Structures are given as C-alpha cells and as structure tokens.
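Please find the structures below.
One chain, subunit A, links the two complexes that follow: it is found with subunit B in the first and with subunit C in the second.
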Partner chain A sequence: MSALNLGLLYTLAWRNVWRNRRRTLVILLAIALGIWSMVTLAALMRGMIEQQVLNTIKNLTGHIQVHAMGYRDDPAIDNSMPPPGAAILEAVRTEDVRAWAARVRVPAVVASERESAGVTLVGIDPEAEQGLSFIADAVTEGRRLESAADHGLLLGRKLAERLETRLGKRVVLMSQDIDNDIADRGFRVVGIFDADMEATETGYVFVGSTIAQDMLKLGDRVSQLALVVDDRDNLDAVLQRLTDAAPGLDVQPWTKLEPMLVLIVKMYDGFMMIWFVVVFLAMSFGLVNTLLMAVFERTREIGLFQALGMRPRLMLGQVLLESLTLLMIGVVVGNVCAWATIASLDEGLNLSAFAQGFELYGLSSIIYPLVTASDVLTANLVIIVLGLIASLYPAWHAARYVPVEAITRT
Partner chain B sequence: MGITLRLAWRNIWRHPRRTFLTASAIAFAVAILLFMVTLQLGSYDMMIDSSLRLYHGHLQVQPEGYLDKPRIRNTISDARALGSHIRKLVGSSSVSVRAMSAALASSRVRSYGVQVIGVETDYEGKVSTIPGLVKRGRFLSSDDAAEAIIGHVLARNLKVDIGGEITLLGTGMDGSVAATVAPVVGIFESGSAELDRHLVQLPLGAFQDVFSMRDRAHTIVVLGDSLDELEILMGAVRAGLPPESRLAVLSWEALVPGLKQAIQADWISGWFLYACLIMIVTFSIMNTFLMSVLERTREFGIMLALGAKPVSIGALIMLESTWLTLLGVAVGMTVGIAIVVYFHTYGFTYPGMEELMAFYNLPGVIKPEISTLSLTLGPAVVLLATCAAALYPALRIRLLKPVEAMRAV
Partner chain C sequence: MMLKVTQKCVGRIMFYKLGCQLAALLLYVCATVQPSYADEAVDLIKAAINYWRDVSSYSVVDMTIHRPDWQRTMTLRVWTRGEKRSLVRVTAPAKDAGNGTLLVDNKMWTFSPKINRVIRIPSSMMYQSWMGSDFSNNDVARSDDLVYQYTHKLIGTENREGRKVFVVESVPFDSAPVVWGKEVIKIRDDYVMLEHAFYDQDMVLVKKMVTLEVKEMGGKQIAKLERMQKMDKPDEWTQILVIEARFGINMPATTFTLSNLRNPRQ
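And then the complex of A and B:
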C-alpha cells in the first residue's frame, strides 16, 4: 500500500515539476548556482589553506620538532642540545616516520663585499632533508650541498640580489660561537635557491651541518630535530614515543609550533559555514516562493484530490517530493558544474598579479583547489535538508485546504 | 501615469504572501551586501591606517632605486635641510628624515643581525607610532645623543634591558667599519613581529657619525592628515624637490605593495561571492515576475483587445517590479544600516579573529566604514540586477496576440 502510494506520489510530483518548464528551469538554475558556488568556493579555500599548511611544514617546520628547553623562546646557540641519542634514534627510525633530520639553526649576519643582512643560518645534512623540507629541491642555479661536510653555501635568490652577489662569489657569515665569541667564516656561494615566499629567500642561508658545527665550536651538538610522518593529523603515537625517548627536551607538534595556522583553519571553517547558510537562505526564498505558487495555482485540483479521498498527509508528501525532485536535480547539476570548474583549475588558479599581497599574509599566489568529501557533503546536505525544511511551509498550506472551499475557489 | 502607478501597486498586493517573500529575498540580499561591503571597506581602512602609521608613513622621498636595492651609498644629500624644506612646503610637522643600514647588534652574551634606523628625534613621533610605543624607558632624547631604543623581542633575545649596552657593527657609507656602543634607553612593543625583532633606532646625528654619512640620509617620511589628500600631497612634495635631484616620491602603494594587492585580492574575491549571491537572489525574483505575468495572460489579452499598447503593459510590469524591488531595498537598507551602525559603534569581531589579527599587527575589531559609497554600492547592484530580471517578462508582452491570450488558461 505504501509502496504504491509512494510510486503514485512520485509520478504526480515529477509531472507537476514539469508543468511549468520555464519556472522550473529558473529555480533549478538558482539551486545549481548555489551548490556550484558552495562547492567551488570550499575547494578553493581548502586548497589555499592546505597549501599554506604544506608550505609551512616544508619551510623547515616539519610535523614534529625537538628542541632544547628554551630554544623556541630564545633561538640562540646556548640553547643547543646534544645530538640525538640511541633512544631518540630508535623512536624516529620507524615505519611511520617518513624523514627526519638534525639541524644547526642560529641567527647570523651574512655579508658580501658590499652589503650585509641579518639571516638565520641553517646547518643541514642535505640527504636527510630529502622529503622533509623545501631546500632539498629548491636550488635552481648552481648545485646543491652534497654532504654535511660540503664547504659551500646556499643563498636565496632575493637575498643574493640584495647583497649584490652571485653564484661563485664569496660571502662572510658572522655569528656567535658557543663561547660567546664572534665566529666568522668565508663561504663560496655554490647554489641559489628559489622559494614561494620572498621572506624564505631572504631569511635563510644554508651550509653543511658539520661545517656549521665547526664554525660555531658546537662539537656535535645541534639546535633542532625535525621530522615528518605519514599522516599529519595522526601524530599522537610518534609524539608520545619521542616525548618518552627525549626526557628534558621540548617535543612539539606543528599545531603548537604554528598556532596561527590552526587558527586560520578554524576561521576559514567558520566562514565557510556562514557562507553556506547565506547561500542557502538566498536560494530558499526562491524555492519556497516557487512551490507556494505551484500550490496556489492548483488549489482546485488539490481540493478535488482531497474530495476524492487523498489524505492531507499524502498531500504534504507530494509537495515535499516535488521539492526534493527540484533540489536533487539542481544539486546534481550544480555538483557536476563545480566538478568541471575545479577540474579546469587543475593547473592551479594563478593569482600572481597579487603575489605580494598574498605574501603579506603568508599565502602563495597559485591556488590548487582541494575537494574534500566532508565539504561537498556539508554543502549538499545544507541545501537538501534545509531546503526540505523550508518546503514544509508550502506543503503544509497544500495539506490544510478544506476540499469544498478549495474546489469552489476560482 | 497616476493610474498605472496605482494599478501596479495594487497588482503586487494581489498575492501578499508572494510579494512578501520576494521583497524579503531582495531585502536579505541588500542587507547582507550592505553589511559585508561596509565591513570590507572598514577593514581596509584599518589595515592601511595601522600599518602605515606604525612605520612607513603615507609617502616617502627616497633616492631613485633605493626601494629595490637599499644600498647605503645611495643617499639624499643634505637631508635634514630638505626635510625642513618639505615641512614648510606641506605646512605640517609630520615629516621626518631617516637613514638606515643593516648591522650586527651584540650584547655581552648575544649577537643578532638587525636593521638600524637613524631618526630625527623631534619629528619621528609625528610620522610613526613607534616612539609612542616605548613601553619601558624613554624615547631618544636628542639628535646627537649616543643612545638607542630597540624592540622588545630583540631586547629579550639579546638579554639586555634599559641601561644595558649594545654594540653595533656594520659597514659605513665609505666602506669602512662602522662600530659603536650605545646604551639602551627605551624598549618598544610595536606589535609587528618583524619590527620588534629586527629594529634598532638611533638618533639621526649619531647614526650619521657612526656610518660616516655626514649630512646624508636615505628617506624622508611624510604622513598626511588622511589618505584622501594623498595625490595633492604627493604633487606638492614632488614640486618642492630641487631640480635634477634624482629623488623619487613614493606613495604607500609603492612602499608596501603587498598591502595594496592584499586589499585588491580581498575586494575581488569578495565580489565573486557577492556576484553568486546576487545571481541566486535574482533567479528567485525572476520567477515571481515571470509567474505574475504568465498567470495574467488572459487579463493582458483583454487589455490589449481594449486598445492598451504592449508598451504600456510592459511599463506596468516594469513598474510593478520596481515597486517590489524598492520595497525590498528599503527594508534591506533599513535593516542593513541598523546593523552597520550597531557594529560601527561597538566594533565587529568574530571568534578567533582577535588572536589572528594580532599576528598581523591589526586590532581585533573592525568598524564598518560608513560613507555614501559603502552604503549605496551594494543596494545599487541589487537594484540593477533585479531590474534586469524584470526586463524579460516585460518584453514578453510584445509577443502576446490578444485573441490567443484571452483564450489562454
């Protein structure tokens, strides 16, 4: 009985939807546009955030860092730590840790023949940085560092310009060694690296870690240990292992190292939800109005149905089914359009005309849209569920007609 | 005309419920747009104001090419005299001369690379808020005093406090070693991580001594009363420069290009959202207009048969939709302006925004901008879009044939 009713109701709803083709097309367009804008916008925003997170992680942050207590507050040479001992090595040489490296990282001044600039001196083991940080494949001119004992130095392109120096020239690094004396040493620029952010290019110079340790009289001490794992949202196990293995050291996940990123993600989530609701509201006026008109112009017909024994409940169901049909078609069209839009942006949405503006807020200017199931699902659910709830109003109108009055109304 | 107007007004109340819904859709779009646009413009004012007043000023006079390559040898000669000349020229004391260079700053225990700025002590406070943000100690006393103020992060990193000494080591203009020891007399908290970590200020005279610059400097910073007069101010300054001086007058847009671009990018992406919103609302409204015409096909047929011209029926329909739109816009503007005024008084904030803005050195609350443009731009766009939506049904009238129309169901 109920299956039969449903079939009948559905036939009626489907036919009713197409009674006035023009009206239906217009409202479908509104629904599709709504879904399209939601899904596309969500993908662009997600892409933007994701890239910011990835950039930050690649920009020497990693997923987890280990420092001496006090280094994060005061990143000076005094707050260095001994090289990773057996316990730490055991904790990081596991399957779920993709890459890890120990680094020397201290403030320094780099001077060419003409100019000087304050930078962060990073001593790296080039092989260990593979898959961990951007520097592994950022050198675009000259060569990379070949080993931790490489005597060369890598300079950012922008910094090289500022210092009026170039590949093959010598620069002097000045910093403070572990005894608080000025340590300086000449290096040959063997490679120039490019980065997404100008601040990265001007902020860091890279040398081999053994050379840096030698220059700073550090022995085998280091400033930090950074690592990346398979899944950045699932850090607890590694974090726990490391904390146990490194008592007295400061073990922190990226969410603590870069609290601003977490904040930005939250902000965007909130903004997206607000936008979803605004789009839905804009669309719902049209949907309710269209259904209301469809019900009004069928007043007599509905009266007749009821006189013939159709229950008010079924009347309600029929209008809701009409609404659901409209919503479903609109949603499918909207999703397909959104998918097409996003697919066409596969190469990234290039906004480099505003590169410096994005840089100011730590964003890179090419956005690669990122579609996540939860965003798409939320967008669709908001439209369909809230759409049905809004349709209750016209449906309830239709169900409430008194048969005799309705039939006689003109 | 009177009768058409009245007819139109009555026609829209034939279906009060539908009219109400349609007008609400318009009002909703207008109110949202009004609020968002004023909020956006307000946040731009805030971004510009708080970042320019902090340090950069509205415009700067610099040697040509200094902006791209800030080399210590590229200077303005007799800068102090030119500074006071510009002060007279623009009739304001908000003009200050600066010289700058990178150097290594060391305390007894630490060394950091820093940016050293030599400032005119009498005028720096008029163009920059940093002198007022000295939280401990005091600002520099006179142009030739051997003393320094530093950012609070730098102070912490160097482990120096008021009364401590820092050694500055750099390269002078002639390539010689520039070195000095200066007592720290003040520590500022600008809120900008960059400045708090990297900036050391010396009195201009002392800076010129240490870096062997004699009477030279690198930039003259000018802060106007408001950005609206920037063009005039720039013209005045440019006209006042000595001929063939190889100096450039740079506006904040050139000095902080990122700021301008960030604003443009935000403005454009904002309008992408608004365009979607407006189109969705327009489609909703178009349906109402379309229906109100289709359901009256017989009526229009009779009117045509009685001699009404299609043009006047079209005008009637346009009038109806205009009534409806104006109703929606009026309600939307009332609600929107009420919201804007509320937030203009109490400031708009959003959970998490305050913390985030602090990272960018911005205050955590935004005050929507109230101006003729900001209050009318959104409603005007909605008005245009809805009128466009009404055109289609109005034009359809021309296609009606009286006899067929009268027979329509």
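And then the complex of A and C:
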C-alpha cells in the first residue's frame, strides 16, 4: 500500500465519516463518553485506593515494622522487644530510610469521671514520628507532645467527646505492666487530635514513650519499630538489611502487615478492568452498527470501486481508517473532557454525606482523583485496539462484495 | 531631757513588742497554720481509714442495689486484714451464693461457682461495675489510694448532733490514677466517715456516699447504713447495711488465698 493509496484512502474515509453527520456525532458522543467514564472513574478509584494506602501507612503502620515474634498475634506487653541495638540502628540510619521510630504499643483502658473506653496506648517519641505517622501534625487543639518524657496525653476528638472530657482535664490510663500487674496513672490531656477516620480518633491515645515505659515497668524495652522509605514499592533492599540486622525479630513490609489493604487494591484493579470491558462492549456495538450501516448504504459505490479496480484489502483499509478516525476523534474529546472533570475536582470530591459508610472500609470522605499514565493508556488502548478489532467485521463485509452483485443491487 | 529619753525608750520598747508580735504572728501563720491544717487533714483521713479497717475485721452486710424498675439485695460476708487484703463472699440469694472476690496487694480475683473458675480481673475490667452495684471494681480494689495519691486540706468543721465534723478536701496528684477533680470527705470527731463526695474536674458533684445511720457494733461506732448515689440518676443507688461486725480478730493465714476463694473454709 503506497503513500498515495493511503492518502486516497484517508480522503475517502474522512469524507465518508461526515456523510451522515448526525450518526457520526452520536457514535462520537458514545466513544467520548466511554473514554471519559473510564479515565475519570479510574482516576477517582486510584485516588481512593492511594489515599487508603497512604492513610494506612500514616496510621502508625509505616512501610516496614519490626516486632518481637508473636506480637502480631498478641499485641500484649509480654511480646515487647529490647530497644533497637547497634546493628538495627545502622540498618535504619541510611539514606533511603526517610524516618523511623520505636514505639510502645499496648492495649489499655482510658477512663474519665463518667466513662471508660478500650484503646491502644501508644508511647511515642514525638520528634521521631515527624514524617512517619499522622500524629506528628494531627493535634488541632492544645499542644503536641514535646518530648518522649512529656507528661501529657493526646486524645482523639471523638474519644474526648465519648469520655465527656476535654483539653486540660485529667484522664486515667490503665493497663497491664510487664509483671502482669495493673499499671495505672493519671494524665492531663494536653492535646486533642483529629484524624480522617473516626476509628483512629477513638482507637489510640498517645503519651511520651519514656512515660509509658515507666508506667508499664518496661525499662527501655519497646513494642515495635516502624519506618518509612522513599519508595514504598521498592522495599526489598531495606527489608533484607533489616532482616539480617535483627535476627529473631519479626520484620515485615506493609503488604504483609495489612493484607486486607493489598487485597482491596487488587479488588479495585479488577473492578476497573471489568468497568473498562463493560464500557467497551456497550460502545463497540454502537461502533460496529454504525460502520455496518455505512457499508450497507454504500453497497453500489463499493461495487463500483471494485469494478474500477480497487483491491479488497484497500476496501478493508478504508473502513478501518474510517473506524480509526471515529475512534481518534472520540478518544481525544473523551480525554479532554476527562481531564477537565478531573481538573475541576482538584479540591477533592467531597463525599462526607456518605462518610460513615465509607469509614467502614477505611476510606476518607474526600476523594482526590489520581491520574496515572498506565490507567489512561490502558483505557485508550482498550478502546482503540479493541475498537479496531471490532470494526474488522464491517470492513471484512465491505471487502467481500462481488462487484457485479453489488452494482446491480438496488 | 529625761522625759525625752523615757519617751524614746518607751517608743522603742513598743516598737520592739510590735515587731515581736508580728514575727510571732508570721511564724504562726507560716509554721503552724498551713502545715498543721494539711497534716491534720492527712492524719484525719488516715485515722478514719484505719478506724474503719482496723487491724482486721469480719462483717456481714446486706448490699441493696436499687434501679428504677428493680431492686435486689445480696448478703455478703467480708473479711479484711490491713490495707492490702480482703475477701468478700456472697451468701444470699441462693442464685449468687458462693460468688466471691479476693483482693491481695491491688490484685483482684473473682470466683463464680457456676463456672467453677477463678478469674483474675484484668486492668480492662477495673472500671466495670462490681457485682452489678454502683461501685466499680476499681472502687473496691483501690480504696487506700486516698491516703497516698492526694493532697488533703481541712476546709471546715460542722456540728452534727452535737458532735464535731471535719470537712476534708482531697485533691489527687496530677499523675494519680484517679479521675476525680476533688473529693470532699466529712469525718466525725470519732473518725466515723459520714460523707464521701466525688467531684469531676469542673468541680461538679458526680456521686456521693452518705452514711445514713451510725451505730455501735463490734465494740465501736461504725457507719451501719451507707448509700452510694450518682447525682444524675436520683433513682439509682446502692446501699450497704451492716448486720454484724467484729474487729481486731484473729484470722487464719489461709483466709486470703485463692484456694480459700474457691473452697470456702469458714
């Protein structure tokens, strides 16, 4: 097929596209709508997933955690571990580890004058949590913890409401110390923190790690070590280093610590693919129908072309080019619309009206769409490639006419 | 000349006297008033608790739990020795008979014959109600905190039925495992505790234990009838009526043991 032929075919295809303007516009709208829905929905879903992953990682998970063996099955005080030794410190004080912290983390009961609630007591070194977990900048009322020896306590807003207490008042924390005796202590609430999820606000109370160790008679032992690296999908090197540095300890990446989350991410990927296919199927019927109509309308014309010497494969090419033109215009319009939609959602899509249901799944109420090259590429490729394949049927039809029959058909 | 000197002397003496008085007054204020008030208050609290506990005690009490739509009475036998040991056993009604609670060194166990198990009360259950009453497990277990975890102040005295009643305000330390803002305790001059009021940290009264009847039992005056009342629920209360009490008695060493909790020997 020479360049001249291609030029000729393209001219023919282009003119044929606009022969029936209304029909073309309708199918263009269908293609554009399909692409728009694919890209926009993919961006929203990606945004949702990404946020969920980020939330979970910031919610005291980090990218890698080190525990004593058995802590993950039973996060009790018995499963504490000695403070990070020289080898571990060397493994985490490297370029690629962005932040790390050792924490005390045990179940406890917090009580006010009127109510009590079960929580997870987290003893933190506030400086180390910077860039590692949400608590570093979640305090919206009062002050943060100033050091590991800070005598104050941070309470979630929802929990404070539930306990009928507030900033500046005292609460009592009660837990089991290392000898399995009751450990309790009064704390003044020095800060109230807000979190995206209600479960975080009601599930955790934060105190200085030294104070927590003191209260629980832990000495300098801790419950866990958490760290974040530069790239969460590239953990192997750090993981290997830590595993070597901490024999006898349980070193796990976030994908193992939060298997549910990994599963949810996979599930969303599946959803997206299903959505792509459904949209394509709906659209392809329209496309094939349009092209078939165009071919049937031009039966005599096609017969004439062939009688004049146009080869069947050029006929095939003409219809495919027509289809490609339709697809390309539709795809461009669809992508532009999708981009405009996503750009307008830059501030985030606020779904707080349904937030309570959302929180069940660990989602936050505002979705920030996230466009990834691979999603956009997949959507466009699915439409164009599968669209062309679907158009093979009308094109094949056109190429198979017998000229005499076609010309004489009325 | 002479007159002048005398006047001067007199003036000086007067001044000196005044100075002495001022100094004495200051000394009195500094050295006597504040510490003695505080000391007195601590002593009062200690004395009242010691008076109530004695070296050891045995008592039979009826605990009545009152709710708007029901009321029930349990008969309990209580043994105590010192600050750290006590044993409570239910004898009636038959449904609850045999249930027991043992306290040793702030550790708490319960025994229920129905399931034939001794359960150590974990910290997570310390704020739950003790035997369905208006007392929490913590109230029962930690009653001696009052001496060590608070600053006490004598804030006044009252007269009641011709006897002097001391009013002590106790404010918990910041790190004390106590949720209250303050507690106000009224102690009669013979160390019988007449009232124990719990205020929240906004100094609003939350609950109050009031002695309704004082009587001589077991050789001394004790609170025979006490009632614990939550202020926001006026028709819910728990009442403790002492039926029999003996103090300073000898108890076998096995009284406060898990095996005795499980298999009563008295």
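The rule is short, and it goes like this: the second predicted complex is superposed on the first by the 409 of 410 C-alpha atoms of A that agree within 3 Å, B and C clash if a C-alpha of one lies under 4 Å from a C-alpha of the other, contacts with A are read in each partner's own complex, and residues count from 1 in each chain.
Rule of thumb we're sticking to: a residue touches a chain if its C-beta (ideal position, glycine included) is under 8 Å from a C-beta of that chain, and two chains touch if they have at least 3 such contacts.
Treat the numbers as computed from the prediction; the structure is a model and nothing was measured.
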Field: Superposition on subunit A - do subunit B and subunit C clash or fit
entry: clash
- prompt: Between subunit B (first) and subunit C (second), which, if any, makes contact with A:23: first, second, both or neither?
  reply: first
Subunit B versus subunit C as contact partner of A:296, first or second or both or neither: first
Query: Now for A:114: first (subunit B), second (subunit C), both, or neither, which partner does it touch?
result: both
Task: Would you check which partner chain A:182 touches, where first means subunit B only, second means subunit C only, and both and neither mean what they say?
output: both
Task: Give one of first, second, both or neither to describe whether A:151 is in contact with subunit B, with subunit C, with both, or with none.
output: second
Query: Just subunit B (first), just subunit C (second), both, or neither: which does A:174 touch?
result: both
Message: After the superposition on A, what does A:267 contact: first (subunit B), second (subunit C), both or neither?
response: first
Field: Residues of subunit A touched, compared between subunit B and subunit C (which is higher)
entry: B
Statement: Intersected contact list for subunit A, partners subunit B and subunit C 107-109, 111, 114, 116, 118, 174-176, 182
- line: The answer for subunit A against subunit B in the complex is residues 20, 22-23, 26-27, 29-30, 33-34, 36-37, 41, 73-76, 78, 107-111, 114-119, 161-162, 164, 174-176, 180, 182, 260, 263-264, 266-267, 270, 275, 278-279, 281-283, 285-290, 292-293, 296-297, 351, 353-361
- prompt: Once bound in the complex, which stretches of subunit B touch subunit A?
  reply: 15, 17-18, 21-22, 24-25, 28-29, 32, 69-72, 102-104, 106, 108-115, 156-157, 170-171, 198, 256-265, 273, 276-277, 279-281, 283-288, 290-291, 294-295, 350-353, 355-356, 359-360
- prompt: Where on subunit A does subunit C make contact in their complex?
  reply: 107-109, 111-114, 116, 118, 151, 165, 169-176, 181-188
Field: Residue ranges of subunit C in contact with subunit A within the complex
entry: 106-107, 122-124, 126-127, 172-181, 198, 200-201, 206
